Every structure is written in structure tokens, then in C-alpha cells.
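Each of the next two complexes has chain A plus one other chain: chain B in the first, chain C in the second.
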Partner chain A sequence: MQVARRSTRPGFVLNVDRSTPPTLFWHGEQYRLERLPTGSRVVYPPEALPALEDPDGAIRHALLNPLGDSQPLPSLLHGGMKLTICFDDISLPLPPMQRPDIRQRVIEAVLDMAAEAGVDDVVLIAALALHRRMTEQELRHALGDRVYDAFAPHGLLTQLDAEDPETMLHLGTTDAGEDVEISKRAATSDLIVYVNINLVAMDGGHKSVATGLASYRSLRHHHNVRTMQQSRSFMDQHKSELHSSNWRMGRHIAACGIKVFQIETTLNTNTFPEQFAFLQRREWEWTARDRATYLGVSKSLDRTPPRLARSIFQSIRSPHQMQSVQAGEVEAVHEVTTQNVYRQQLVEVQGQTDILTMGLPYICPYNVNSIMNPILVACLGLGYFFNLYRGKPLVREGGVLIMRHPTPWAFHPVHHPSYIDFFEQVLAETTDPLEIESKFEEGFATDPWYIHLYRTSYAYHGVHPFYMWYWCAHALQHLGGVILVGGDAKAVRRMGFKPASTMRDALEMAEDVVGRDPSITHMHTPPLLIADVK
Partner chain B sequence: MRALLFERSLPRFAAARVASSVAPGRGSRFGPLRLAQLDEPALPGPGWQRVRPRLAGICGSDLATVDGRSSRYFEPIVSFPFVPGHEVVGELDDGSRVVLEPVLACAARGIDPPCDSCAAGTNGNCERIAFGHLEPGLQTGYCADTGGGWSEAFVAHQSQLHTVPADMADEDAVMVEPMACAVHAVQSTEIGEGATVVVLGAGTLGLCTIAALRRLALPGVVIAGAKHPDQRRLATDLGADVVVEPDQVQRAVRRRTASLAVGRQLTGGADIVVDCVGNQASLAEALSIVRPRGTIVLVGMPGPVLVDLAPLWQREVRLVGSYTYRHQTFPTAFEVVHAAALGRLVSALYPLDRYREAIDHAAHAGRRGAVKIAFDLRKEARPEVRRMG
Partner chain C sequence: MRLPRLPARFPYGAPTWPTSVPRARAERRTGVNYDTGWARRYPVRLARAVVLDGVTRPLMHAIASPTIEGLDRLEAMRGPAIFAPNHASHIDTPLLLTALPERIRHRTAIAAAADTFFANQWKSAISAFGIGAIPIERIRVSPQSPRLGAELIKDGWNLVIFPEGGRSPDGWGRAHRAGAAYLAQRTGAPIVPVHMHGTRRIQKKGGKGIRPSSTRVSFGRPLRPDEGEDTRAFAARVEHAIAVLADEEANGYWQARRHASAGTTPGLTGPAAPAWRRTWALAEGKRRTEGPRRWPRTSRS
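What follows is the complex of A and B.
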């Protein structure tokens, strides 16, 4: 295990007073400065932890010094064996990182060791689950040209096709009756090496194989409303039903004799390149240059057509740096990984709030090189950011969540075809996750057109928008109201939320729900943080 | 008597066409329609009666006429000048209320023996609509001899009249004629049990078709394309299972029929598509969403359109027109109107002298949250009538 250590400033909760400068809110591909009422709190993420000085050395060290009940990787490799290397897909990290990507570094190290051991049956699998396939450019970015050119032309670089019965294998059921069906190639290998990027505490562990390599038949046991509503939160594995199910599946996979060598990495929160440095600074510490950059960028973006603005932002490559790498037995590895994520992202916050505000950025795991459609806006706010807590939600039960995002009624027709139908046809009828699940899920999941597009085009699976809505289920159950500031009113209403033109209007509307003189807390993210709510 | 008169005037036709291209309904300001003082039309012969309209609806075909957008196909089968109005509930001299069946078929034209179509009861397809003792005119409201509903009086043959039940409101009764069109479309189409039926358009005809489908056939799923929020609400209320905006219809049909798509064309699609719009876009849409060997029923009045018929040929699609009704359609139409309480579709009533406002309202009915706009002639000056009983 290699961890970078040097002191940086921890997360911070600011109490807004009269001298506090306006607070930066993300607003999709734009920014806004909002003056929050005196007495509001602003939760800032910790500063980026220092990067590993020698990432390649750290990776090699981790492979040679595994955690838990695992031998060093070279001891697990031998001539004549069947080796499958699986890796996280385009949804991680966010934004996509500058080259070389962590996956490239790790996979090159694993391949070097495999070559030294004389392993010649090696296949790489992008662990898509039900995500869209990656393009050649995206694969080259993640794996590097050397790996891509060595494997792709020979058909040895594959992407999971969870709808191909020929390439999936049912491994039976867990004690809880959950079907476990994963990639046949992986399941019949002598060793699976899983290369993970742990951007948030929810990622990794048994979720890597049990979700990343699984089919709808398997995923439906934990990607459902009940599981989401019973997770408190996804960032706390021990209180997450989503993780409990994945852990049962992971242990079942191990019990089937399938060996997994897990390699997990964590990133620091050095999220945006130098020209956007102001995004990572606290507003009262902005330099004259930061202020000038903010003004220049935000004024330009306000005049930029949405499509061009999207294209500019999607081209951002993050200077993320590896902050830790650990390898070996899945659970032992993930325990350390989670602590490293917490070390980077956890911010202690005293008590809950009546109103939680957040600005939503232009990107989430499912719109890389794509459009942030309204369902993804909801999922990012209610599914991801709301759940960035440990202990209890940052906002009290019955409280109000105010999000900022333009929320255009716009969808990527290639990436999100079933999202369009979900938005037009399902949400027009009901926004209740349970009703949606019982009435519509199966039809979308088995729709031959969506399956065709998932398998042959670059489309998310037909059931994927349902999962996005289910991610919101815990928040929807918990909150007394959701307000979207600056969004397309029709799109916002379609999701059952309330539109507001300004933050001031939204705060007044929220008071109708939570009462007068409410406590207000703003989550200043990204960069990412996890609120450790006491 | 006062009446809205539509005269033959080529410059005014042209003006109406230009004006309506700016905004639908504008043809009433610049076109050949005017409020006039006329003599009441004479009774053409035995079996004819004078009808004093109580309510007279404004139909899509009326709007097309007023705006100069009607097909020239109709020129030889109308006679000028005429008083429009064929959706009428009126009152006879004896005080009884009647709904007009406007088709001027053999019986009304004094043609005996009747043509084959009339003999078969399909008087909507009468082969003599330009012959007999009346001037040409496919319906009352397009014939110089009979007058029409947008007036204080017109004449109708007894074969054209259906008595209104005493307990039926005028607003319900004025919906009977458009409902008869919808009933005829449903009854003349083979709709298998469980069929997927799409209704394009949710104006009066579309909504009536949905109501008729739900009461006279056993479709599995009825999908409606409706442009405006109130139309969507009413479509759902009248029995559509899936109601979407027009640009979402194809995706809704694809999903409901588990079809694939090739370009803009679904590989499968709906069993029946009822086109209640009747323009180029709706016909193209219908062709893209109907299944191979499926049926498109054209209910909305079309004009000249440019449509690629390759899919119709390659997929062996049936395209059939549905015009008016049989005489026997009306009793069923009365029942459906009553059962579905369709009087609620009458959104606004206007006196004759506000005809420009009325036509403008009708031309923008959907956008303004309205469905059926009608003239209210109950308060117009009328002679003393002899009440029955």
C-alpha cells in the first residue's frame, strides 16, 4: 500500500457573515456568484492531498505487497493460465484525467508482470455493466496507445456485452436469492485482475466485479428502489444496502472459486486545470487573477451557445493525481481505499440543515462526452451529491434541497435513447420511483430496440434511466421539497420539482416548506467532499 | 334574416389565402365571408322543412374554406354563394329540436331511384351530389339552395334530420355530427381486439375518435398525439392510454410496439393510425409509425400534399379515407356523445355578428385551451314558433 502524506488544509465549514464574499455556484457549463443569507454555512472540501511522487513505483509496490489473504501478483501468474484484466469505464474519473490515465499505468504494470511470467492468454474487458460502450478514442485515452494497439486489433480488448447470453455466465444465487451473472470470460479465468479508480467512497470493493461485469438479471437485485431507500448512505459501505448486496454477490463469486486480484486507486481532489484554479479556491482567498478569470470565463460562457460551451467543458482534462494505490484481496483492499477516500474528502459538519443548496456542474458519470439531460441533473443532485454524507444527510428530513443548473430539455440521441422515452412517457405519468419500477422497468429493460442500441451503438441500456431515478429515491423520500434554480421550467416540473428564477426566490419558496428563518447550508462542490454529519 | 355568406370572388380567395398564411383564421377578415341580410331560403319541395339553428359549430373544413385553403377538388361539388355551417342543432317550426345530417344525398336531391351508394345506405358516398333539383353541394353549408347553419334559418330535407332527445343539452347535440364522423371511422375500420391504435391530432375529431374507439371497439392501446396541454388532458380523460406531444408520437409507438427503427421508419408499428389532422406532416408521420400491412385511416380533411409513398408500397400499408357517415351512424353518435358527455368540448359560443372573433378563436382553439367553438343563435331574432303539445 502506497499513500502520499503531507499536510494540506482540511475541509472547512464557513459561517457566512456580512463580510463574506458571494459564494460560487456551479450552474452546468456556467457559474454564478450568490450572496447567501448571513448565518448560512458553506461546506468547503479539503484541499487536494499531495500526489504519490512515484506513481509507477507505487503501483509496482502495491502489486508486490498485496493486502489481505493474497499472494503478490507475480506469484499468481504463470504460463498457460487464463488472465482477464477488467477496468472501470468512461464514467470514471470525473472529469476524465490528463494522460496518462491511472488505468494505463496500472494495466501496463500488470501486463509487464504477466509477460515476465509467460502468460499469453490475456483479455482486457471494459467493465461497462449497462453503460454505453466506449469509443476507440476513449479507450485509447484510458489505456494508452500501446495497450490499445497490442490488444484491440486482435479482439483481445473487449467491452462487456451484458445482453449477449453467449458471453455471460450464471453462477447461481446468493443466500439471499440474488442471481449472480457475470462475464463468462472473467468467470472462467484463472485470475481476474480488476483495475479500479475510486473517485468516491461508493466505488470499488466487490461492487467492481459484481456490478461492473454483471447483467441486468444480476443488477436488478441491488439497483432497485428498496435498496436505494435503505442505504444511509452509499458512501458508507456498512450502512448501504447497495453494498451489502454487492458484498453477498462478491463472496458468492469467491465461493465459486473465482479468484479476483483487486487493484484500487484513489485520487486527490486536484480536479480542474490551472486556468480554472479559482474553482478550487475559497472565494475570500481569490487573487485578483482569480477574480479576473472568473469574470472573463463566466461572461464569455454566458454568451457562448450551449453546444459550444458543452464542447469546451467536455474537453477539460483533469490534473487528478493518484493519492494512493493498494492491491490484493478485495475486502482488505477496499477497507484501506475507503479510508484514503475519507482522508481526502471527509469534512466534519455539526448538525443538519433545513435547506441545502448546491450548484451542479456540467458533468456526472453518465454524460462524459455527452449531454447532461434532466434525468442526469436529478441524479447528480439527488442521487450523488445528496448522498455525499456519512452519518446522516446534511439536510434534515422534510428539509428542502435547492439545486442550480440550467436543466435543458435536451438529450443525447445516441447515448441516451431510453432516457428520452423515460422522460417523455414515464415521468409524464408518474415520478414515484416505486410505481415507475413496478409499472415500467421490465418493459424498458427488455425492449429489443434499446438492447440493440446498447449492444451495437453507444447507448446506455434501456433500464439505465430507471437506475438514475432510483438513485434519487432516498432523497425523494427524505426531502420536503426540491427546487431547481435557473432550469427549464417545463423540464423541472416534469420531474416533480419546483422551478425558481433566482436563489432568493428559491429560498423564499423553501421557507413555505421548512418555516421561517431556516438554517441554510451550501455544499461547495466539486471538488468532491463527503459531509461527516454529527 | 342574418347569415354569414360565402361568395365566389377570386381576389378575396387570394386575400384570404395570403392572410391565413400570416395567421390561421385571418381569412375571415379579408376573404369572401361576410355578414349579410338575406331572404330565408325557399323550401325546395315536399319533405323539406325550415330549421332555425340554435348552435352551429365551426369545423376544420369550415376554417379551411374561410382561409382559402380548401382543395380545388371541391369546386365542382359546391355552389356559390353559400352559407357555411354543417354542425347544427336547430329547431323546427313545431319547436322540436333536431341535429342536421348535412350530406345532400339522393333523397334530398329528389333522385329516385337512388344511386348505388345511397341504396346501400352509404349516403356519405352519394354519387349524385352535383345533380338533382338542388344546386351542387356535397353538404348543407356548401350548397347555394339550402342555406347553412351560420344563419338564422336554413332548409333541410326530412332525410337529413335527427330528433334530439329532450334531456340532451344543445351543447351535447352540436357535437353529434362530428361524433358521427368519428363513429363512422371506427365502425368502418377493422380494429382487432387488442390492436394498437394511434390517433394523430386531438382537436374535435381526434377527441371524438378516441371516445368512439373506447366505446365501440376493443383496442389494446390507444396512443394519442396532442399538441396542447388541455387536449392532452381531454384525450386521457376520454380513454387514450398514452398521450404525448406530436414530436413524441413515434417514440411512444416504437416503445409500445417493441419495434425497432431504421432511419425515420419503425420496423413494426401500430396496427391502425387514425389521422385526424390530414396534412403533409401527419400523413408522413402516419406512414412512419404504421406496421407493415397496417391501416391508415384519413379522417381529417386533406388537401394537396407531397408524401413519399415508398413505405406505403414496400410495407403494403392500406390508406383509406373516412368521410362523413351512414344514415344509421347518427343514433350511435347520439349515444357516444351522451356517454362521454362531449358537450364539455364546446368551449365558447359567439353571436353571429362576432364571427371574426369566433373564427379566430376556432383557428387557435388548441393554443387557447379550447376545442369546439360554435355560434349561438338562440338569442337571434326569430319568429314565434308553434310548440308541440
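What follows is the complex of A and C.
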């Protein structure tokens, strides 16, 4: 295990007073400065931890010094064996990182050792689960041209097809009766090497193989409303039913004799390039250059057509740097990884709040090189950001969540075909996750057209928008109201939320739910943070 | 009419600072922390040389009419040296710089009080450019100043250090500090004692305006610390050498030599007596200035 250490300023909670400058909010492909009422709190994330000085050396060190009861990787490799290297797909990291991607570094190190050991049968699998397939350009970005050119032309670089019965293998059920069905190639290999990028605490562990290489038959056991409502939160593995289910599956996979050598990497939160440095600075520390950049960028973006603005933002490549790398036995590795993620992202917050505000960015795991449709907006706010807590949610039960995002009624027809129908048909009828699950899920999940698009085009699986909505289930159950500021009013209402034109309007509307003189807390992103609510 | 200036609001103007957030003390970039490296780059040195030779030197000749003595004592000197003059006026620095031989003049840095000459960005820039000053901490003990001085000497730069640490308040010299002697021992560079006479008449400490007068700049023989010599003893030897130069100026070379041999060289710091007696002993004003003759103004009415 290699971890970079140097002191950076930790996150903290600011009490807004009269001399506090306006606070930065993401607003999709735009930004807004909002003056929060005096007495509000703003949770600021810790500063980016230093990167590993020699990432390649650190990776090699991790492979040679594994955690848990695993042997060093070279001892697990031998001629005549069947080796499968699996890696996280386009949904990680966010935004996509500048080249070389961590996956390329790690996979090249693994391949070096495999070549030294004389392993001939090597296959790479993009662990898509039910996500869209990656394009050649995206694969080249993640793996590098050397790896791509060596494997793709020979059909040895594959992407999981969870709807192909020929390539999936049912491994039985867990003690809780959960089906475990994963990639046949992986399941029949002598060794699976799984290469993770752990952007948030939810990623990695047994979830890598049990979810990334699994089919709908397996995923439906933990990607459902009940599991999501009982995961409090899924950023806290020990209180997450999502993880409990994945851990049962992972242990079942291990019990079937499938060997997994897990490699997990954590990133620092150096998320945006120098041109956007102001995004990661505390407003009162903005220099003249930061202010000039902010004004230049925000004024230009206000006048830029949405499509062009989207292209500009989607072309951002993050200067993320590897902050730690650990390898070996899955659970031992993940324990350390989670601590490293917490070290970077955790901020202690005293007590809950009546109103939680947040600005939502232009990107979430499911719209890389794509469009952030209204369902993904809801999922990002209510699913991901709401769940960025440990202990208790930042907002009290019955409280109000105010999000800022333009929420356009726009969908990517290639990437999100089932989302369009979900939005038009399902949400038009009900927004209740339980009702949606019981009434509509199976129809979408087994629809041959969506399956065809998932397998042959670049479409997310038919059931994927349901999962996005289930992701919101815990927040929807917990909250007394959701208000979207600056969003398309029709799209916002379709999802059962309230639209507001300004933050001031939203705060007044929220008072109708939580009462007068509410406590207000703003979650300041980027970069990401996890609120440790006491 | 003066229009009221409205403060620009954030983000057009600078942000205000939340009361609850402690403001970390920004690292001071002036004073002893001021980086004078830029002032020793070749283009800046060239510009300074032009100003020094084209403006400062004629100006010094006009207002200080210097008589320069002892340059022959520097002939044999090779390599960088530390010049240690007495200090009575702001005129001392430009006068000394213009009095130095050309080969030394343009490669000389002045150790200037960080609290005065590097108090803010503007003063710092002007000091660094105009006289090639480097900041010296004179209020507290700082490792930065001797380190910078030693680096400069190592790079072949000459240094001017006023051992008194400031201008004379009453015309008598002040007790010498051991900084120059310490640096000489640390670097092996010789110390050249320098005595400047008459500069206080042009502008004294606290005085307003400039009164042209004649001056005299005397260079002594370069001194090196003896084997095993204590820093304070070396500093005292330098002080004595400057006193001998002052005696030379007052009583001539031979008398000064005799006084030095007899150990009766008049001290630079004057009698330990009340202020009026020190002033009296200085005999200031008794001697006529050697400048151009001035006639009293008469009224034509």
C-alpha cells in the first residue's frame, strides 16, 4: 500500500455572516453566486491531498506487497493460466482524467508481470454491468493506445454483454437467496484482476465484480427500492444494504473458488484544470485572476448555446492524481481504500439542517460525453449528493432539499433511449419508486428493443432509468420537499419536484414546509465531500 | 469636484473575509523577505549603470564635490570585498558608489535597512534598482541577511555594509556592530575601511533639503581577519582603521600615523558626555566649508 502524505487544509463548516462573500453554486454548465442568509452554514471540502510522487513505482510496490492473505501478483501468474483483467468503465472518474488514465498505468503494470510469467491467455473486460458500451476513443483514453492496439484487434479487449446468455454464468445463490450471475470468462479464469478507480467511498470492494460483471438477474437483488431505502448511506459500507448484498455475493463468488486480485486506487480532489481554479477555492480567497476567470467564463457561458457549452464542458479532462494504490485480497484492500477516500473527503458537521442547498454540476457517472437529462439530475442530487454523508443525512427528516440546475427537457437518443420512455410514460403516471418498481420495471428490463440497443448500440440498459430513480428512493422517503432552482419548470414538475426561479424564492417556499427561521446548510462542491454528521 | 468612489462588489471587486474565519498572516514579501534577485540580472544592471554614471555621478559632483583619496590602496585588491564606511547621511551611499572605481562600482550591492528601504513594494523596488540594495535586518537577528550577503560575495559581488547600523544622530559616529566582520570571517573577503567627511553638512539625519557642500572620501587598506582573531576584535580593528582615516582627514597623514602609533587616535564616537558637550566637542561649524563661496542675500528695496 502506498499513500502520499503531506498536510493540506481540512474541510470545515463556515457560519455565514454579513462579511461572507456570495457562495458559488454549480448550475449545470454554468455557475451562480448566491448570497446565503446570515446564520447559514456552508460545508467546505478538504483541499486536494498531494499526489503520489512516483505512481508507477507505487503501483508496482502495491502489486508486489499485497494486503490480506493474497500472494504477490507475480506468484499468482504462471504460464498456461487463464487471466482476465477487468476494469471500471466510462463512469469513473469524473470528469474523465487527463492521460495517462490510472487504468492504463495499472493494467500496463499487470501486463508486464503477466508477460514475464509467460501468461498467454489474457482477456480484458470493461465491467459495464448495464451501462452503455464504451466507444473506441473512450477505450483508448482509459487503457492507452499500447494496450488497445495489442488486445482489441484480436478480440481480446471485450465489453461485458450482460444480456448474452452465452457469455454469462450463473453461480448459484447466496444464503439470502440472491442470484449470482457474472461474466463466464471471468468466472472460469484462474485469476481475475480487477482494476478500480475509487472516486467515492461507494466504489470498489466486492461491488466491483459482483456488480460490474453482473447481469440484470443478479443486479435486481440489490438495485431495488428496498435496498436503497435501507442504505444509510451507501457511502458508509457498514450501514449500506447495497454493500451488504454485494458482500454476500462477493463471498459467494470466492466460495465458488474464483480468485480475485483486487487493485484499488484513490484520487485526490484536484478535479478541474488551472483555468477553472476558482471552482476549488474558497470564495473569500479568490484572487483577482480567479474573479476575472469566473466573470469571463460565466458571462461567456450565459451567452453560449447549451449544446456548445455542453461540448466545452464534456471536453474537460481532469488533472486528478493518484493519491493511493493498494492491491490484494478484496476486503482487506477495500478497508484501506475506504479510509483513504475518507481522509480526502470527510468533513465533520455538527447536527442536521432544515434546508440543504446544493449546486449540481454538468456531469454525473451516466452522462459522460452525453446529456444530463432530468432523471440524471434527480439521481445526482437525490441519489449521489444527498447520500454523501456518514452517520445521519445532512438534512433532517422532513427537511427540504434545494438544488440548482437548469434541468433541460433533453435526452441523448442514443445513450438514453429508455430514459425518454421512462420520463414520458412512467413519471407521467407516478413518481413513487415502489409503485414504479412493481408496475413498470420488468417490462422495461426485458424489452427486446432496449436489450438490442444495449447490446449493439451505445445505449444504457432498459432498466437503467429505474435504477436512477431508485437511487433517489432514500432521499424521497426522507425529505419533506425538493425544490429545483432555475430548472425547466415542466421537467421539474414531471418528477414531482417544485420549480423556483431564484434561490430566495426557493428558501421562502421551503419555509412553508419546515417552518420559519429554518437552519440552512449548503454543500459546497466541487470537489466532492462526505459530511460526517454528528 | 471629487466624486465618491463606490467599492466594486464581489466578484468585480475583492471579496470580503468572513468574520469567523481566521485570516492567516500572509507571507510578507517586503522587508527582509524581499527578493532582490531581479535587480542583479544583466539588463537591470545595465540600466542601473546608465543611471549611476549618467545621472547619479554628475549629481554627486554637483552637490558633494567629492575629493577621493586612497584608491591606490585598492589597486592590488582582487575579488570581492566588503566596504565599511562611517554613516552620517543618505548622501553616503550614492557618493560612495560614484567614488568607487568602475570595475567595482557596477558590481556592488548595498546592505540597506530592511525596515526603511524595503518597507513596501515601491520602496523595495526603487532601492533594489537604484542602488542595488539588499535588505538587512537590523532590529532582530535574522539568518537571512548574512546568508544572502555570503551568497553575493561568493558570486563575486562587493558589499557595502555600514557598521554603525544607521546614520549618526549628532555628527559623532555610533558604536560599530560586528556584522561586516562576521561576514568577512565567514567568506574570507577583505574589509575596506572607508571614511566619508562632509556629507552631514549636505543632509543630516532629520534635516530637510539638501545643501551643497564639499566632501572627502578616503579608502583605507583592505583588512583581513588574523588567524584565530575574534569577530569583535576584528570589528574593533576595522573601527580603528576608519578612525585613523578620519584623523588623516583632520590632521594629515603623518600626524594620523603618529597618533596611531602612540595609540592616541581620536575615537569616532566622541566623548561620553551630555549632548551639548558632544556637540561642542565636535566643533561643528567652526571650520568653514570648502564649497563655493556664498554671499549673503541683500535686499534691493
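Just so we're on the same page, the second predicted complex is superposed on the first by the 534 of 534 C-alpha atoms of A that agree within 3 Å, B and C clash if a C-alpha of one lies under 4 Å from a C-alpha of the other, contacts with A are read in each partner's own complex, and residues count from 1 in each chain.
We adopt the following convention: contacts are C-beta pairs under 8 Å (C-beta built on N, C-alpha and C of every residue); 3 or more make two chains touch, one makes a residue touch a chain.
Fair warning: this is a prediction, and the values are worked out from it, not measured in the lab.
Undergrad: Aligned on chain A, chain B and chain C: do they clash or fit?
TA: Because the two structures are overlaid on the shared chain, the partners are seen to fit without clashing.
Undergrad: Once both structures are overlaid, what angle do chain B and chain C make about chain A, taking C-alpha centres and a multiple of 10 degrees?
TA: Spelled out: centre of chain A as vertex, angle of 130 degrees.
Undergrad: So which one touches more of the residues on chain A, chain B or chain C?
TA: C
Undergrad: For A:L308, decide between first (touching chain B), second (touching chain C), both and neither.
TA: A:L308: touches no partner chain.
Undergrad: Applying the touch criterion given at the start, work out whether A:C256 contacts chain B, chain C, both or neither, answering first, second, both or neither.
TA: In the superposition, A:C256 contacts neither chain B nor chain C.
Undergrad: When the two structures are overlaid on chain A, which partner does A:L14 contact: first (chain B), second (chain C), both, or neither?
TA: Once the two structures are laid over each other on A, A:L14 reaches chain C alone.
Undergrad: Could you tell me if A:A176 is touching chain B, chain C, both of them or neither one (first, second, both, neither)?
TA: neither
Undergrad: Applying the touch criterion given at the start, work out whether A:G443 contacts chain B, chain C, both or neither, answering first, second, both or neither.
TA: Touch partner of A:G443: chain B, not chain C.
Undergrad: Regarding the shared-chain residue A:L33, is it in contact with chain B (first), chain C (second), both, or neither?
TA: second
Undergrad: With both complexes superposed on chain A, which partner does A:D421 reach: first (chain B), second (chain C), both or neither?
TA: first
Undergrad: Taking the superposition on A as described, I'd like to know which of chain B and chain C A:L295 touches: first, second, both or neither.
TA: In the superposed model, A:L295 contacts chain C only, not chain B.
Undergrad: Rounded to a whole Å, what is the shortest Cα gap between chain B and chain C in the overlaid structures?
TA: Between chain B and chain C, the shortest C-alpha distance works out to 44 Å.
Undergrad: If you lay the two complexes on top of each other, which residues of chain A touch chain B in one and chain C in the other?
TA: In chain A, no position sits in both the chain B and chain C interfaces.
Undergrad: Can you name the residues of chain C that touch chain A in the complex?
TA: 10-12, 14-21
Undergrad: Given the complex with chain B, which residues does chain A contribute to the contact?
TA: Checking each residue of chain A against chain B gives 420-421, 424-425, 428, 443-444, 447-449, 452.
Undergrad: Which residues of chain A touch chain C in the complex?
TA: Per the touch definition, chain A meets chain C at residues 14-22, 33, 283-286, 288, 291, 294-295.
Undergrad: Show me the residue ranges of chain B that touch chain A in the complex, using the header's touch definition.
TA: 242, 244-245, 248, 251-252, 254-255, 258-261
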